[in-house]
Amino acid sequence: MLVIGEKISIIAKKVREAMMKRDPKPVQELAAAQWKAGAHFIDVNIGPAEEKGEDLMKWMAESIQEKVHLPLCLDTTNPSALEAGLKAHNNQWGRALINSTSNEPERFIMLELAAKYNAQVIGLTLGKGGLPADAEERCAIAAEIMGRALEYGVPLEDIYLDPLILQVCTMQDHAMHALKAVKMFQELNDPPMKTVVGLSNISNGVPKEMRSLIDRNYLALLIYEGLTAAIMNPLDKDLMDTLKTVEVFVGKTLYAHSYLET
Amino acid sequence: MAYAVPKEAYNGKVLNVKFGKAPNAVSIGGENAMPFLSFEGEIPNKPVIAFEIQDMPPDDWPDTVKNQFAGVSSDPVKWAQRCQNELKAQAIALRLISTHPDRENRSPQDAAKTVKDVLSAINIPLIILGSNNVEKDASVLVAAAEAAGGYNCIIGKAQEGNYKTIVAAALAHNHKIIAMSELDINLAKQLNILITQMGFNKENLITDPMCSALGYGLEYTYSVMERIRLAALLQNDATMQPPIAGDVGMYVWKIKEVSASESEAPLWGSLEERGIAWEALTAAAMLIAGTNLLIMRHPKAVETVQKVIKELV
Amino acid sequence: MALSGVEIFKLLPKTNCKKCGFPTCLAFAMKLAQGGVDLEKCPDISEESKKVLGEASAPPIRTFALGAGEKAVKIGGETVMFRHDKKFFNPCAIALNIKDNLSDAELKKAAVEVANSEIERIGQKLRIDAISIEYASNDSARYEAAVKLIASAAPDTAIILNCKEPSAAEKAVKAVADRKPLLYGATNDNAETMAGIAKANKVPLSVCAQGVEALISLTEKIKSLGVEDIVMDSGAKTAKEIIEHNTQIRRSALRKGFKPLGYPVINFALRDDSTFEAALASVAIAKYASIVVISSIAKWKNLALFTLRQNIYTDPQVPMQVEQKIYKIGEPTDDSPLLITTNFSLTYFIVSGEVENSKVPSWLAVMDCEGLSVLTAWAAGKFTSAKIAQFIKDSGVEGQIKHKNLIIPGQVAILSGALEEKLEGWKITVGPREANGLPTFLKSRTA
């Protein structure tokens, strides 16, 4: 399973301050730490980025990829900032991943950008008018996103469908709906559609000391259902160990006593 | 076609809570089926309605309901007696609203005296409610619990921010507790767990998931209550088995539908009947969602809901 | 039972030929399950699968229209026992019962009152949906005349012909057949004749029985006689019977897929005490009635019933929203504080409640963020500095107050700098993170 390191986010105070001051060091250090811990992508979440978003995303992409040789998952609702990130992205380290398009009209443009810059794109199964009620509604939205992707010229292999993980502490039922959706998404195409989740959403709002426990148990179930990628915290060793262990169970890793150390 | 009545197999049961003193003590809860489905379970107790009174004149109540208590509402003792003797109340809910820092900021000692005065004037069970100010209630309800020692009252509301002192006082003086959380089933469960972890017997607990008036979030309360009941009965979740309280009156009698005059809102019809219907329908919805104990204000609304209850059991 | 997308998929050719316009058969099946596309789009489906899909995709509770024209209401089609499981779809129709032996003037007055009952609440137009005309005169000519009179006085309202006497019913049906009246109804004694009348005039038919079990043979009989659109009255009269019968009926239809009970339910909640009648009707509305009939209407009563119905039938997945505008809390003056928040109704209720608690008269700017709470709206790019600035400028609040000081929620403290840049001359103050900090915050500012 692909790990998309989530640590570089405007939500984190340290990152936010570095972004504002354009101080590359904290960002580069965080990216490097995630790379070392096993991340395959680095998520770069600059928020709505109304203020000089283009400049910020460009600076972020360049600063990170200067030190860390991984593709980036560019995460903003501002399309022009996103485009600036795609332009700056160094494809030598892999193709960028756009986070994200959805069934909301203002996010259709992300597909256009994916086609223009040969990027991959996350399709969040969220539409106008409220949360999807269950797995079936998520699939119906997924089918629409897929249809639209083809119109825009984005191959289905470049789409990662995201079932929209919601916090278990207030929306318990959706934990099962999202798991079921991950399984069903794969059946929407042959070869199977790729899937991705924002893992830590599941533990939003729960006491801090319980978040890792909740994240890693949910991750185990998601991997069992065939998840392709997760935006998660690679610096959480328990979480990464769970990932490695479950991959042994599902036959993605060959067992050896020291499998955790590889 | 062959037909069998589809019955639900419930694993759990709502706890039976008895409050007040013999011979007028009142029991609520005890059912092992979803509300009023007696074809598939036992429903030993009827829902109970408590009349709300308060410890200062209800100047902020709309006239429709304030006028019902003209002449007695400046004295909680007279007000309580009126409810007991003339309106045949099954229980009284005394709200110590004057203790709120923004109202008269009366002291816990003042509140304790009011509680004693009311208790000595009535023989039906008493529910003692604070002013919903988290900090102030912590001291007011402790003093009230002490003053009401021996009367087996219900004290409320214990919330996340003040439950420790209130629960300790209820433990010390043998009262029941209303635990309130804000429209969130997970927080309701959490608060019940925290309270029982203090050694408070869950059989003395009543849960209040927060009421909302018709048109002002009623559906949230309705669904949270249904989900609490389903957890108690189908999942046998012991933390969700206390009876449910619905504090209807205070949420209803502050919205515009019960106070806008007919000239202000010509499409809404009679103000008097509108207000009564608003409280009665809110209460009726709470009942069928699972409420065991209603706290209400208008005698006509209470009378209407009593008629509904009579048809429901 | 309604089929899931995967179950439908199993009946499709699985060739992924894309002729239907979808990338795969499963994607097509998913859309089919949601009712968003027609089965005919698949050119290669077998006749056998088509038949199975046609039957099995019939919803567990039949859906059809009560009445005709623009104001016809859809009834039935429910899929869950509890609204939190998904949602209730087709709001219960409210009908006024009128006896045909009233004077013409009285009949007309009642019909006009129904026709004019529409009220708007949170963007929805709500009204008394139907008139039930009761055959009390025992005179078929009078009945026909009364029905015609009411039909013309309430030209868009659905009609229920509350008449178990076939000859009178037949005349009345024929007189207003174009209005698709609901014929009420068929009993053990008249089922065949009534079914014949309903079929010939293409109108729905209600069965009336004593108890749930007694409904079954009746609906089976009516269906076998060729009437598909059936409504059921189990004879429930008390609040308890309404809850118990309606629960048993819906459970049988949804959980057991029991077709003979898979139809909408009508309840008569008739009481002399109008407030009590309203309370009883609300029990029926919340507990699965598709039509509830009452004996009197009044503006206050209609408003309360409409509101209750609206509450019960809101979609729990869609956040409830309040209108975007500048709300007054207390009696604010032109130097009272101005706060801003999003239009998620719970956010609004809590914030406005706490501002009220503070007793500091204030202006509360509520911004349309599609019903998201503050932090979620910010993260989704809907509560950003540019959008807030635009909203404040467009709201006209600058003309209402003389200061330029805006209090923003503590959770979006990050916006304060950018907002000051975009709202020239304004000072942005960061309020408390949680609404319960507002009373202290507001009081300390005015102190």
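In this document, chain identifiers A, B and C correspond to the written order of the chains, with residue numbering beginning at 1 in each.
Keep in mind that, in the parts below, a residue touches a chain if its C-beta (ideal position, glycine included) is under 8 Å from a C-beta of that chain, and two chains touch if they have at least 3 such contacts.
Quick caveat: nothing in here was measured; it's all calculated off a predicted structure.
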> What is the minimum number of touch steps required to go from subunit B to subunit C?
Replying inline: 1
> Does A-B or A-C have the larger number of C-beta pairs in contact?
Replying inline: A-C
> When you take the mean of every protein CA atom shown, which chain's own CA mean is nearest to it?
Replying inline: C
>> On a C-alpha centroid basis, what's the spacing between subunit B and subunit C, in Å?
In response: 29
> Approximately how many whole Å separate the CA-defined centres of subunit A and subunit B?
Replying inline: 47
> In whole angstrom, what separates the CA-based centres of subunit A and subunit C?
Replying inline: 38
>> Per the contact definition, I'd like the list of subunit A residues that touch subunit C in the complex.
In response: 16, 47-48, 50-51, 77-78, 128-134, 136-137, 139-140, 142-144, 146-147, 150, 156, 184, 187-190
> subunit B touches which residues of subunit A in the complex?
Replying inline: 169-170, 172
> Once bound in the complex, which stretches of subunit C touch subunit B?
Replying inline: 82-84, 119, 121, 212-213, 216, 220, 238-240, 243-244, 247-248, 251-252, 255-256, 258-260, 273-276, 278-280, 282-283, 286-287, 298-305, 307-308, 310-312, 314, 316, 320, 345-346, 349-350, 357-359, 436, 439
>> Touching residues of subunit B toward subunit C in the complex: what are they?
In response: 1, 3, 5-6, 8, 34-39, 102, 134, 182-183, 212, 214-220, 222-223, 226-227, 230, 257, 267-271, 273-274, 276-278, 280-281, 284-285, 288-289, 300-301, 304-305, 307-308, 311-313
> Mind pulling up the subunit C residues that touch subunit A in the complex?
Replying inline: 4-6, 9, 16, 21-24, 26-28, 30-31, 33-34, 36, 86-87, 315, 317-319, 370-371, 378-381, 384-386, 414, 418
